[in-house]
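In the two assemblies presented below, subunit A is common to both, partnered first by subunit B and then by subunit C.
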Partner chain A sequence: MGVRSSFWLFVIKRLGISVFLLWGVATIMFLAARLVPGDVISVMLGEEAAADPVARQAMIERFGLDRPVPEQYYLHMTNLVQGDFGISMRTRGPVADELARAVPASLELGILAGLISAILGIFLGTLSALQRGKLADQLIRVVTVTGISVPLFWLALVALYVFSFKLQMFPGIGRLSPGVAPPPTATGMYTIDALLAGQLGTFADAFMHLLIPGAVLAVFTMTLITRFTRSAVLEVLNEDYVRTARAKGLTSVRILFAHVLRAAFVPIVTVIGIMFGAVLAGAVLVEEIFNFPGIGQMMFRSAVFLDMPGMIGIGLVVAVIYVGISFVTDILYGVIDPRIRVS
Partner chain B sequence: MGVPHRRIAAAAAATAALVLTAACGDGEGNGGDDQSGGQDQIIIDLLFDGQEASVDPHRAAAPSDRTMFRAMYDTLVTFPTADLSEPQPWLATEWSSNDDATEWTFQLRDDVTFSTGNDLTSEDVVWSLNRLKNVGDRASYLMDGLSVRADGDYTVVVESEVTNVAVPFILTSSNAAILDSEELAANGGTADESAASTDDAGIYLSSNSVGSGPYQLERYEAGSELVMTRNEQWWGNEPAYEQIVLRDAEPAVQRLNVSSGDSDIVVDLGQEEIAALGETELQVATSPGTNAWVLVFNLDDSVSTVTSSADFREAARMAIDWEALAELGGDGAQRHCGFILPTVASGLQEGDEGCIEFDVDGARSIIEDAGLDGETVTLTLQAFDRDGVNAVEVGSRIAQMWQDIGINAEIVEQPDAVVADLRNSGQIEVFIVPNSMRSPHPYTYVGTMNPSGGTSQSGESYRGGWQAADQSGAVHEPLPGQTECAALGVDGQNSASMDDAVPLYEDWQRCMNEVSPFIPLIVGTASVVAQPDLPEITDYHPLWAIDIPTYTGAAIG
Partner chain C sequence: MDNLLEVKDLKIWVAGAARPILVVDGVDLQVRAGSVLGIAGESGSGKSISAQSLIGILGEKFVYEGEIRLEGRLIGDGGEPFAAIRGREISMIFQDPLNSLHPQIQIGKQLTEHAGRSGQDSRKADKRARELLREVRIPDPDWAMKAYPHQFSGGMRQRIAIAMALVGDPKVLIADEPTTALDVTVQAGVLRLIKRLCVERDLGVMIITHDLGVMNAMADDLTVMYAGRVVESGPATQVLQSPRHPYTEQLVGSLPAGPARDGGRARNMRAIAGEPATPRNRPAGCAFHPRCPWAEDRCAVTVPPVEYRGEGRRSACLVDPFFSVDDVRKAAAR
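== the complex of A and B ==
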């Protein structure tokens, strides 16, 4: 069997595992939502209407809660397969519609946060390693310790206060300024959709609204990437082949990019993949503070409300994102280091 | 290596241009070529504290929902100002009742057109109020005991099963909104008795307006933003602003927004946030809060042998330092020890009657004599603020006060769904809750706060384990004074005039304050903060925070 066919076998296996994982997540979310104590019907109807047996029964039937749990599970899973996530108990609208709005919003924010954290993290980590023990290294280490220690919600409020309120460099909360109509939907990401529609003003507005929450969200992951990059680069710098490259008279820049960073990238890429989870976790608070209607905000509000269809929908989306990132990370290993691809 | 450098330079230039383009926008989206919000708008920040259900006035009933509905959907009568003593004409120009106040006749305007272009007639009123009643949702209780019929194109008769002078007050609720029946029926709406299971218009209403108010819905993003634009069919004065934007924002963010000019008006700042504004040119209008914070003791001895003890309840009440509690609400907050309802409810004048003197020594000796020294009670609450008063702070302070008399209070925070479950099963020992404005009339409170009995196994009293009889009909031993107290409330409800009803409701509250498991605590303050160049804001509207039709000059008269 050749290397190419082994690779595809690997891809198929990973896909199979991914489907199994998603089924597991959907099942666990379904069961967890039913095990959590609480009376969501009363929250939906208010206490007066919930005391009316007719109104209560109608709502129970509307959400299929009168059926046996195995039947609910069967219906739930068959609906999921058909892309039907059900009706949200919180918004009373289709969960799929809300996800269709929330996922692109969070992706837009997450991609920006990921880019900021990856670029700055790798840069600072490399600089810190190259300047080991010097002032720059010390300063960067102080920054990273601070970044890990600072509570995200506090940082979000401070950033909003300083950059939006005091300096007025950036707009405030939301995805767009009040009253600005969203661009025609193509991807759901306002910056891209605005560019596709040729609406530069809307693009500028959407982009500016992304910057502060994106930067806040990037802080935690950036500090971790910085620390990982520093240790990875330090490890590679001591390798024999790096000394050999120096002895051959290669320039420092060439040694750094061609030998050091390339070798250090495998652990760094792993960390970046894992860090996306931290971005999602951070989005729960950051999106709530910035009134940014993404999956973080949806997750928070669904959980507080005990909105079962909403929680299951988000759980699945997050699982898909995780599985997807894990999949892409595995593929990237092979691209960065051919030895992994062959093995 | 020259080419890569040029590529890097080009990429850097493109990135710089991108950021520059973004930075050159004014941050309001107006720096570009399109879709600008324009100057003719008001941005209002408020907590979307409802369940984020669709923009359906017959279903959603949170305070923020009321603000929205008031601007988009008309009601027969209303309160255009903060004075809640007498409903004012709106869709109905005049109204009257028969002698025993069981039949109310409303005369409608004949010049009203919905934003859809259809004319408003009495059929729309009948359909809408029946839909409110039959959808079996949060505000359907408003129509309990009421039925509606048309008497000609522009006359509506509301009949009550019992004498009910509160009917016009009840119909001021923004939930009693009049919708275009033809349009909504064509889009999944129904007013039939089966509406609880067959009505499916909620999704349609999330993106369409079918009202006749001065504004109509432009777009709604659940839990984030609602944008309204002028309704060209509006029957009153032209609103001064083309667009109203309502945004969901936490109070701390609201303060930043209004300080930086990012918001025009904010409505959820507590006194701490108001104080943090410092010396400011912003308009600040403060009014008494619309929530009366109360303690609810469980009287069921199978749930708690402590709270079901009359000695404990007496001592617990004596141990409360109302003045100290009021400090938690900041400037303007008031002790609330005489009445159990919000003080802004119509026609009521709270005095000091019913306030029990703060007496720690007396309370401690009662606890010791009753053998309750060292007992522990669980104090359940939901961690939120109302009118600048925080439930956790109130709970903590009360726990301290009870500690002084030998009672340990264990504070437990629970989310909505868990609290609902515990309350409906009557399992909460002590509960702290803001008794909010259900309606600007005491009528709707009597049923829920008088002891439940027979088939009426619901309401605040039921959740507090206060039952006159259980479902089997077995009569429970009444508390001393309970029967007389309950009768006062019912007499208030059955009064044929407000003049007769008000003194009875006041007596009912004083009596309830002594007898019932409800202990009133504190009323906070509610505020509206606005930019200085906006029209003057004089007060916080108890029902919709800010009355958009009046504020924008759309209201007639």
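== the complex of A and C ==
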């Protein structure tokens, strides 16, 4: 009956909330740029360029800085909606262009790290719960404790040194080996674009470049997901409905997959959603160390250069990703837990 | 009448800090087809553990010993594996219907996922699930099949759990306090349903309850447990009317006369004076002796054996204070 339609209502509601959140972030950024001490033009252009009257005038026109604040706000928002984030003080090019290169790069790195950590984390966490107190559980505990305590930059450097320089199993830094041309741009993600163009050699090279930074980035979240999965599974194993499933005569494999993991996924999905912040923080370090031109590196460099337009652009992209992920987790929640849809 | 399910000398140990603790000590149970066996006893007396051991769903930290026979066939250790029995020949429903159904799986799915083994295809299983929902009086089975547990009241969920237990066409249904968690107003309906299924399907029903009023209304036979042992068993009306064991007598004595105004809650077993014995701190000799008004010195030393007391009745008391010459005459006249 109403189960299906109430689900779509739930999706639309969550979508509305997401749009509202993004609008809020953009507004706060608009206000923040005007609250920074000094005049807006020097903040947006940098002291040096602001001294140039031509550049000043261009800036004033672009953002309508001589108009009343509500009108400025309107212009600011329409510019953003049209994808105009202004000119970077650091690259002297449009922020939007740099974002267009950095976002897909980070996306492919982040997706790989996310997959590695989710698959390994859920597997190890479940194994650990089922083997509670036994050898496997203890070994996994050692791994997770280590994973949480090792500093990321150290791990990144060691991995780079061991796998790329000593063992030469993996290429070094960057997105592609020197001499390998980037595939024709479709998504901006080299692995996917290479596959689309049928360039298997390029795909392999791009993938190998992702693997080490992706794995390093995955370590921290993987350990957290392992921990959460373990406790979620242990909790569900004690639930009455698992006992019912056993009393019904289901096989233990079926009970594990159809009943236990299904229920444990609710908390696990939340954790994976929240974990995104940790991946992003890690990406700043890992991308810098592996000279991987993604949003982590762009964020780091924009901050170091005090590049205001760059930071605003990055800030919005991060907000979009955050809001997008929380939207997806909420929807996933609704898909896996029918009780949420109703409320 | 022949026993459908017969349990002899059931002992269950649970892993303890130092060594295993004997929580169930030599329990005998008999369930007849088409009749209800009630199990009564204070909290911790081992009712649930005993019941769960009959389909082998106690966790790894439990070990059992004893003979469990279904229609004469040995099941469990050394016999047919429990996995082949559960849900097919012996089904079980639990106390809390709010938690005993999976919250994220549609009722229809939960009612059919264990039907596959009997060789039914999924359309047949679906049809059968609808029939079962009708049999347990769920309104609008077509809608119910697609709904989730949270869309039903506690009483309805317990009915669904019962339907789920019937999927494999079991011979025995074990109900562990099936109405304790329910609203008093819906308890009677669920109990009537169980009784009806018992008669219509010739099911052997084993029902665990704290509510002696329920026992009185439902049970054909009654087994009373204390600290992991059986202290008395026999036809329910006789055991309730003229108990032979001091513990049963105290339980029954706590029943207020007449129908209880709150619909049954007050008829729950009243606390008997003294500390209830648990299997963990079971007193030597007769476990009931610290609380027993009839206790003699020997009660603290000798474990009373379960003895035949005529007319299908048994009790485990050294003193047997409610022995009456009338009973002997009646028995002799047969």
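By definition in this document, the second predicted complex is superposed on the first by the 269 of 343 C-alpha atoms of A that agree within 3 Å, B and C clash if a C-alpha of one lies under 4 Å from a C-alpha of the other, contacts with A are read in each partner's own complex, and residues count from 1 in each chain.
The definition used in the following text is that a contact is a pair of C-beta atoms (placed from the backbone, for glycine too) under 8 Å apart; a residue touches a chain by one contact, two chains touch by 3 or more.
This one's a predicted model, so the numbers in the text were calculated from it and none came from an experiment.
**Q** Who does A:A247 touch here: subunit B (first), subunit C (second), both, or neither?
**A** second
**Q** So, A:A263: does it touch subunit B (first), subunit C (second), both, or neither?
**A** A:A263 contacts subunit C only, not subunit B.
**Q** Between subunit B and subunit C, whom does A:L109 touch in the aligned arrangement: first, second, both, or neither?
**A** In the superposition, A:L109 touches no partner, neither subunit B nor subunit C.
**Q** See if subunit A has more residues touched by subunit B or by subunit C, and give me that chain.
**A** Of subunit B and subunit C, more residues of subunit A lie in contact with B.
**Q** Report for A:S42: first if it touches subunit B alone, second if subunit C alone, otherwise both or neither.
**A** first
**Q** Can A:E239 be said to touch subunit B (first), subunit C (second), both, or neither?
**A** It touches subunit C, and subunit B stays clear.
**Q** Report for A:D205: first if it touches subunit B alone, second if subunit C alone, otherwise both or neither.
**A** The first partner, subunit B, only.
**Q** So in the superposed three-chain picture, is A:L280 touching just subunit B, just subunit C, both, or none of them (first/second/both/neither)?
**A** Touch status of A:L280: no partner.
**Q** Once the complexes are superposed, what residues of subunit A are shared between the subunit B interface and the subunit C interface?
**A** The answer is that subunit A has no such residue.
**Q** Could you list, by residue number, the parts of subunit B that touch subunit A in their complex?
**A** Touching subunit A from subunit B are residues 18, 21-25, 27-38, 41, 43, 51-54, 56, 59, 61, 136-141, 196-197, 202-203, 206, 219, 221-225, 227, 243, 245, 247-250, 252-253, 256-257, 259-260, 262-263, 415-418, 420-421, 423-424, 448, 457-459, 462-463.
**Q** Along subunit A, where are the residues that touch subunit C in the complex?
**A** Against subunit C, subunit A makes touches at 1, 3, 239-241, 243-251, 254, 258-259, 262-263, 266, 336-339, 342.
**Q** Please name which positions on subunit A make contact with subunit B in the complex.
**A** Going by the criterion above, the answer is residues 36-40, 42-52, 54-56, 58-59, 61-62, 90-94, 98, 101, 157, 160-161, 164-165, 168, 170-174, 176-181, 183, 199-205, 207-208, 288-289, 291, 293, 297, 301, 304-306.
**Q** Using the touch definition from the top, list the residues of subunit C that touch subunit A in their complex.
**A** Those in contact with subunit A are residues 55, 57, 83, 85-88, 91-92, 94, 96, 99-105, 113-114, 117, 143, 146-148, 150, 161, 164-165, 167-168.
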